[in-house]
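Going in written order, the chains are labelled A, B, C and D, and every chain counts its residues from 1.
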Amino acid sequence: MRAEGIAKPRLTREQIAQRAALELPDGAYVNLGWGIPNLIAGHLPKGITVYFHSENGILGMGPRAKPGEEDFDQVDAMKVPVTLIPGASFFHQADAHLMTRGGHLDVAVLGGFQVSEKGDLANWKIPGAKGPGGIGGAMDIAAGAKILIVCMEHSTKDGAPKIVKRCTYPLTALECVDTIVTDLAVIDVKPEGLLLREVAPCWSAEEVQALTGAPLIVRRQIPEMSFA
Amino acid sequence: MKKKVYASLDEAVADIPDGAQIMVGGFGGAGFPNNLIQALARKGAKNITAVSNNCGTRDGELGIMFKNNQIKHVIAAFPGPHANHFLERFAAKEVTLELVPQGILCERIRAAAAGLQGFYTTVGVGTEVAAGKEERVLEGHRCILERPIHADYALIKAQTADELGNLTYRLAARNFNPVMAMAAKTTIAEVEEIVPTGAIHPEHVVTPAIFVHRIVQAKGLRYAG
Amino acid sequence: MRAEGIAKPRLTREQIAQRAALELPDGAYVNLGWGIPNLIAGHLPKGITVYFHSENGILGMGPRAKPGEEDFDQVDAMKVPVTLIPGASFFHQADAHLMTRGGHLDVAVLGGFQVSEKGDLANWKIPGAKGPGGIGGAMDIAAGAKILIVCMEHSTKDGAPKIVKRCTYPLTALECVDTIVTDLAVIDVKPEGLLLREVAPCWSAEEVQALTGAPLIVRRQIPEMSFA
Amino acid sequence: MKKKVYASLDEAVADIPDGAQIMVGGFGGAGFPNNLIQALARKGAKNITAVSNNCGTRDGELGIMFKNNQIKHVIAAFPGPHANHFLERFAAKEVTLELVPQGILCERIRAAAAGLQGFYTTVGVGTEVAAGKEERVLEGHRCILERPIHADYALIKAQTADELGNLTYRLAARNFNPVMAMAAKTTIAEVEEIVPTGAIHPEHVVTPAIFVHRIVQAKGLRYAG
């Protein structure tokens, strides 16, 4: 399962975000988590309007504020000063997570440390890390989103697979992930298992499988990832 | 009738005793009652249980109280990468932490405010958060029982108060503040401006005056993290 | 226990309300129920400010609106158009009952069909009445108020006592009543029983006891009810 | 992107099927979506389960739907003395009633909105309301377990909508409307005026657009009870 043998180019973090952006339907209410997901806002296709939710209490975030125009009372969940689009609203924390937990978000995109073949997600704590870790809004978001997409690298820095039979990292939520977008593939979590939907340019289904810790279902020819 | 407007920050926190359970509003640097926290640090109340989304940012927000070793237990969702004073105390076992998902933290606070004795949620099922909690299947879902979080005091930050105690908040500085304001026995609001009673439109009040017991004007420290 | 033998004047409903009004502390947040409690607002002593809560979502109700000045979007829980005092606010139903149930009201005053010696209250349904009855906000208010006062006549129209050992009418809440103000007496519900605090003018403790279906604790001389 | 503003009341309710569970806002004559109710009466959907504080006032509010025998079950807190059509149907056993304390009715609706599977409350303990419900002691109090109330549709009344679906309410016509708006799969708002997106100040929005699926301008019938 180690990746040393394969040195093909993988997608960049921006490219993962660009691919994931195509999963967002027009008019959707969407929450983007830390890391790669947060890059998605910069890659929305033309003509698509998405309403970004921030779990501190904003609906309708626009791009980050320009230098000199920041208002530190108007920050996203990553503490970044943001702008608003017309029709934005503010609300308190209980309503912000009523939206996440109550199934009101159309799509949430989170980062991941591990995803299991059943769609279990581990994304808040690395075993053995110093300190207690921090959960933030991830558990509420994972439990409640209508569609949950995880964006992450396919392998750890050490080359270990992040898509696994069973998560060994502390869990965020059980059976919550619908789709995984990595630097190698797009994979849907189905009742029957992990369905390989697309592979990165120059990668084959077999090569992706070799770097994946759980069996992939491969139906017909797997198309190359599209970015627009 | 007792006046709610206090002349100084120190007076507003003067009776907070050692051992009190205190909620503190704020998220992402916005909406923290930094001036009240500084006053409580000056007062030096000890053995505090703090309920807060984070655990301070360097010396700012709750940081100063961890630095002073005033907090013995904290209930939080995201201690934060810059909570260095908390992290040191935590490593030294001078403070204990109950880590709670952010929405559940807020919902447990609201449950206390709303006179509910507990609720069931799917959030946290199968995770470390579920440890020691009752689990059952309801509405077809595995759920855990979560209990209310009460407080003796809430320190909150609002933008505008009228003299009666009605509050409004600015932008995303609202966050935890309106919910914590409803949940504490005594709610102390630090505000940017105090206006005459009735100056806030009744439809625009976010926190009705019934929840607010003390009001004090902020003195300069807005973003402390 | 029948009242036929006693024909002394009893307090009017307005007088009961006037007496109960003295129980409201300055600055208190108060909910007034249907019937006699609703009359209390007209009897507040001078210099006392009370913030009236209406469970449909108003804090800071003033007197009812004058004819011709009614706004039917600004009604109390009895559907009566009301005015506001400065500092009033509107909120939704969940917050309105967060206030009642969560112990935020200083005093609630409800009408009653029966109160037991333990402070159980029955006030929403007469046994055998046509139709299903209606609970409204009474159960939430009774369960949550810091101090619950019940205003009612001491006896039914048939002369039966309304203060009883055990309620026989459908209950509103258990052990919730703190004080009962009737047309004959002011009675506090204490852990040790019903403590007679005041009697109506011209009535003796013995005469009140004779019309009460549970034992009254009578300490020393019982003063006459005060109205100011 | 799908437009939320509908041209007519009848279009706005056209897909509500027989057997749907429908929440209807309003209290004390204020904030009822009377024009939507009339449209649903015209459409004639049958076997409806209605969730509403009251059960109509004469022909007004839900009265017309009881008169037409469109409702088979109702969850309500206060049927009301002038709910004559409901009372006749109830006496004839053509409609069943679940009677719920008003605050608990609203809290159960909120629980559905908030993705909670149930909550414990002291309200109703020892009364008819507790019949058949789990009872236990929590936080030192006898409590009963209350379950969420979901809905397929919510018919609500707001004062102003922007074209995106953000809502504000007028005075005490707010009542159940914001809570029901959050709890239904499809929320249909009848409003007095529709303004361009962005015309409502983001701090003054009471119901954020995420909860609102259809908007239609009211046509004259404001107070129907």
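We take it that a residue touches a chain if its C-beta (ideal position, glycine included) is under 8 Å from a C-beta of that chain, and two chains touch if they have at least 3 such contacts.
Computed from a predicted model, the values in this text were never measured in an experiment.
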item: Chain pair showing more contacts of the two, A-D and A-B; value: A-B
item: Centre-to-centre distance between chain C and chain B (centres being mean Cα positions), rounded to whole Å; value: 36
item: Centroid spacing, where centroids are CA-atom means, of chain B and chain D in whole angstrom; value: 33
item: Inter-centroid spacing, chain B versus chain A (mean Cα positions, whole Å); value: 30
item: Touching two or more other chains - residues of chain C; value: 90-91, 94, 97-98, 101, 143-144
item: For chain D, residues that touch 2 or more chains besides their own; value: 107, 110, 114-116, 121-122, 169-171, 174, 202-203
item: Pairwise chain contacts under the document criterion; value: A-B, A-D, B-C, B-D, C-D
item: Sites on chain A touched by chain D in the complex; value: 26-27, 29, 49, 51, 53, 59-60, 84, 86-91, 94-95, 97-99, 101-105, 143-144
item: Interfacial residue positions of chain D with respect to chain A in the complex; value: 1-2, 110, 112-116, 162-164, 166, 182, 197-198, 200, 202-203, 205, 208-211
item: Residues of chain B touching chain D in the complex; value: 107, 111, 114-122, 138-139, 141, 143, 147-148, 168-171, 174, 202-204
item: Residue numbers on chain C that touch chain D, as the complex places them; value: 54-58, 71-79, 90-94, 96-98, 100-101, 120, 130-140, 143-144, 170-174
item: Of all residues in chain D, those that touch chain C in their complex; value: 27-31, 53, 77-80, 87, 90-91, 97, 99-104, 106-107, 109-110, 121-129, 142, 169-179, 206, 222-223
